[in-house]
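What follows is a set of structures to go through.
Next come two complexes built around subunit A: one with subunit B, the other with subunit C.
After this line comes the complex of A and B, so read on.
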């Protein structure tokens, strides 16, 4: 377990800022307790300072997880968000997409969101913007990246992809072995 | 009653303020050096006492020197001004290495050309004032903002004197930049060729050592051959204070926002405000009922006319 280097922090922040924008400061500068990011076995954990200090005394091979796993760094230095980060992304998300009940299962099986399944979308969402996907009863299901801006979606046919799937809560079952 | 005996008794309790040894004193640095040979007998007999008395003599001498300085009164009490230090302290850092000469400096020193510093300001006859030779409102930009310029007889039809002057000035700047870069490159190259060659050989040797099928693992080791060491990564300690960490990550975040500020400004001009306060495009769409800013402005002006008309009617 170690703090992130400057480069890693930059990569992480640019990725997170794609979803939550300026709300990122809310994650860093919290009023209740100091939270920090820690890297352990290529995974980035968002953890309170007190929990981090307790975890310091655990030897590296014995430490499995701490705090909330936000994602992991690939060997090429790119950062991949994990579904476990959804709690925080959903809380601070800037752009949101709601999908109809008949689109829930296809999304939870790892498919993209097509126009036919789209219930609502935040107005003025730009293209290639990170969005959090909710069902109609406002339960976060996952997140993805928009394929088109809101303005462009009007003319599309019902089978056109609107949101590229990145992660969904179905991964808790599908990737149970590798996720943690 | 004779108090002299009492005074004498009182004085005898303390050591004399007289010191019968020679010291080198520099009141400017509050420094005393005792250059007297060590009294071997006293040194052998009791080391602590000897050291203490030597130190005491030194301090006494220094204080005596301080009290002999001219004293004047101040709101904080009597004050003596220390003279300038005379003792020369040795230099803490080595002397700076001389900078590598530029091409011009080498030429000038070979030819014996003296360097003369040009003033930054030059006299402007028209303005009757000192103006910058270059930079803001610089004299070198004078040709670029004349209201009237003489055009050479063989000039093109679309000859623009201001533009011409500017391109010439920019060319000079470009030439200077190029020469400066060349000088830097030359200085880099000239920095101790022996050392750089040594490094080169070492790196070649390292790469050959791990260029076998086993990446050097099963090679025959020579005597005194050192283990190849890679670059050692260094990380911040895990238990750094959270406040510090927060500060540094906020700084990184501010840097990221700075880099994307241009992008955000463009988005804002489009009306897709990144500034979170008001989404201008959305607001205009809402206020105008989807007809756009022009119709909004038009309706606002007609509304004004209408109200005044109504007033007139009444």
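After this line comes the complex of A and C, so read on.
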């Protein structure tokens, strides 16, 4: 477990900013307690300072996880957001997409969001923007990247992909073994 | 009650009532009878008429016998009658048999006929009522008691030959008749009566179960349950094994005999009955002998059977609302919208829901994946409720996978403070971590240590939950492999591990914690050596802990003594949960309060001083004043230093040099 290097921090923050934009500052300067990012076995954990201090006494091979896992760095130095970060993404998301009940299960099985399943979408969402996907009762289901801007979607046919799937809560069941 | 209902459909499986030889002989005889061909039913009817309607006049337990008897040809009947009535029927020569039996038969007829008040003709005419009366007189008692007076072979043959004569089916016959305007009233009346009778029966059944005094006397007469001999058992073993129904009824009979051994124990020793019962349990439920004996000895005989029976039935599916994400009412509504049929578990929990049926997989709904609830057995709520974690505390869960309890603790602490979730098995920490993240618990640190390392890794916890690894004898309904794969050695090893773990758990607690200082020990096992014995061990080894009330409103108190072992008096504060009583997995929960050790140490030094005083008082020996002798000590100190360095892995100079230097 160690703090992130300058470069790693930059990669992580650019990734997060794609979803939550300027709200990123709220993750770092919290009013309640100091939180920090820590790297452990290539994974980035977002954890309160106090918990982090206590977790220091756990030896490296025995520490599995602390606080919330945000994602992991690949060997090439890229950062991949995990579904476990959804809590914070959903809390601070700038652009949101709501899908209809009939689109829930297809999305949770790892498919892209097609226009037919689209319930609502934040206005003026640009193209290739990171969005958080909710169902109609406002339960966050995952996140992805828009394929078109909101303006462009009007003309599309119902089977056209609107949001590229990146991660969904179904991964808790599907990828339990590889996620951690 | 269920047992009675079963018997309704099929005639109750009979028991070996007659001594073994008798049964054999009568079987042989019957064979000869059967060779004459199946007896027509008409003959029986005639016979019934001829024998002055003995059938209807019989009282209680005798009723079914006589019904059966009436179906038989005379010779069989005679032998039967004799067998039942007299002990030495074998002595009667074949020639005389008929006459002798006739006499006997007549006698018995005479005896029994006086109870009959109606006319035969009446009975014949008024079929419904008659049949109904017949049923009322004969059936109920038969179903309540064991019909032990005939050997199995006979009864089975009877069933084959005269199926329509069995009492329960006589009732069915009624129902099969076409409904006409004429008989509809009678039918409905009959039905009403039947219902009333059923209710009466149920009541009686309950009463009988509660206090068996009432039918004691009948039992005494009927009860001719005889244990199979050693050879017979050997034969059973080598052969295909006994019929399941025979087994069942034999078990019931054994239980009954053991329940009132003084009255019914027919000259055999108690251990013989228990041995037979255990053997039957092994073959009926599929336990190995060791485990059957272990579990059997936990309960009174009757309850033990209930326990084994309950292990065959799965427990209800329950879920726990994740209060970090939603409320129970909202969750229930969301699931009901998906067509799930559910209900709150009980008053003792505000987060549990019991799922009755669901059209969707309950472990893969969007709500589940979004972490709104956790699939969790009702029993595993209990240790967390007993632990009662408070916000901002530091809590350790020593064996936490797959995280049901950990996430519950975290939810009760409202995501404040810190929860250390430990599990020794690294593979299992994956699902633990997944669940922790799915349910949005942000105050959890997951680590993978052997629990016994714990006070070394970290101590000073406010509360520690130890859900110890156990044999799983409480969750046999979930995992029936326990029935066969546990041996004496497993229990010894597990108990040893549990004792080590509980000491580690106690040592990890901060005794000066202002809010906590509690340890909760739980297992999903019902055996005493994994529960009370471990608790007692902890109390003996750590004088600074004491048992406190678990705060759980229900559950049975722990055993104070078991098979000659005496435990601490406070062990009654622990709680046991059973599948057959509470309809949840077998479980055990104990809660300790850890206080400071200093007081105890002071006491000890005090005692030491007293010992010293006594010696001087005796005048035998003066207590030596401790003085330091630097010369002697030097070498010792040197040695100790060398050892210390060695232990740290630092190479030290050879000894001679060290001393010289």
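Here is the rule we go by: the second predicted complex is superposed on the first by the 180 of 180 C-alpha atoms of A that agree within 3 Å, B and C clash if a C-alpha of one lies under 4 Å from a C-alpha of the other, contacts with A are read in each partner's own complex, and residues count from 1 in each chain.
Criterion: a contact is a pair of C-beta atoms (placed from the backbone, for glycine too) under 8 Å apart; a residue touches a chain by one contact, two chains touch by 3 or more.
None of these values were measured; they are calculated from a predicted model.
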Clash-or-fit label for the pair subunit B, subunit C on subunit A: fit
Subunit C versus subunit B, contacts on subunit A by residue: C
Partner chain(s) touched by A:160 [first = subunit B, second = subunit C, both, neither]: neither
First, second, both or neither for A:22, with subunit B first and subunit C second: first
Subunit C, subunit A and subunit B - angle at the middle CA centre, rounded to the nearest 10 degrees: 130
Contacts of A:124 with subunit B and subunit C, given as first, second, both or neither: first
Subunit B versus subunit C as contact partner of A:10, first or second or both or neither: first
Subunit B versus subunit C as contact partner of A:177, first or second or both or neither: second
Which of subunit B and subunit C A:108 touches, first, second, both or neither: second
Closest Cα approach, subunit C to subunit B, once both complexes are overlaid on chain A (Å): 16
Where subunit A meets both subunit C and subunit B, residue numbers: none
Subunit A-facing residues of subunit C, complex: 334, 363-364, 366-367, 369-372, 394, 418, 420, 426, 429-434, 436-438, 440, 442-449, 457-458
Subunit A to subunit C touching residues, read off their complex: 47-48, 50-51, 54-55, 57-59, 62-69, 84, 87, 104-105, 108, 135, 137, 139-141, 168-170, 172-173, 176-177, 179-180
Contact set on subunit B toward subunit A in their complex: 235-240, 242-243, 245-246, 249-250, 252-253, 255-257, 267, 272, 274, 276, 279, 281-282
Subunit A residues touching subunit B - in the complex, by the definition given at the top: 1-3, 5-6, 9-10, 13-14, 17, 21-22, 24-25, 28-29, 34-38, 49, 52-53, 56, 123-124, 126
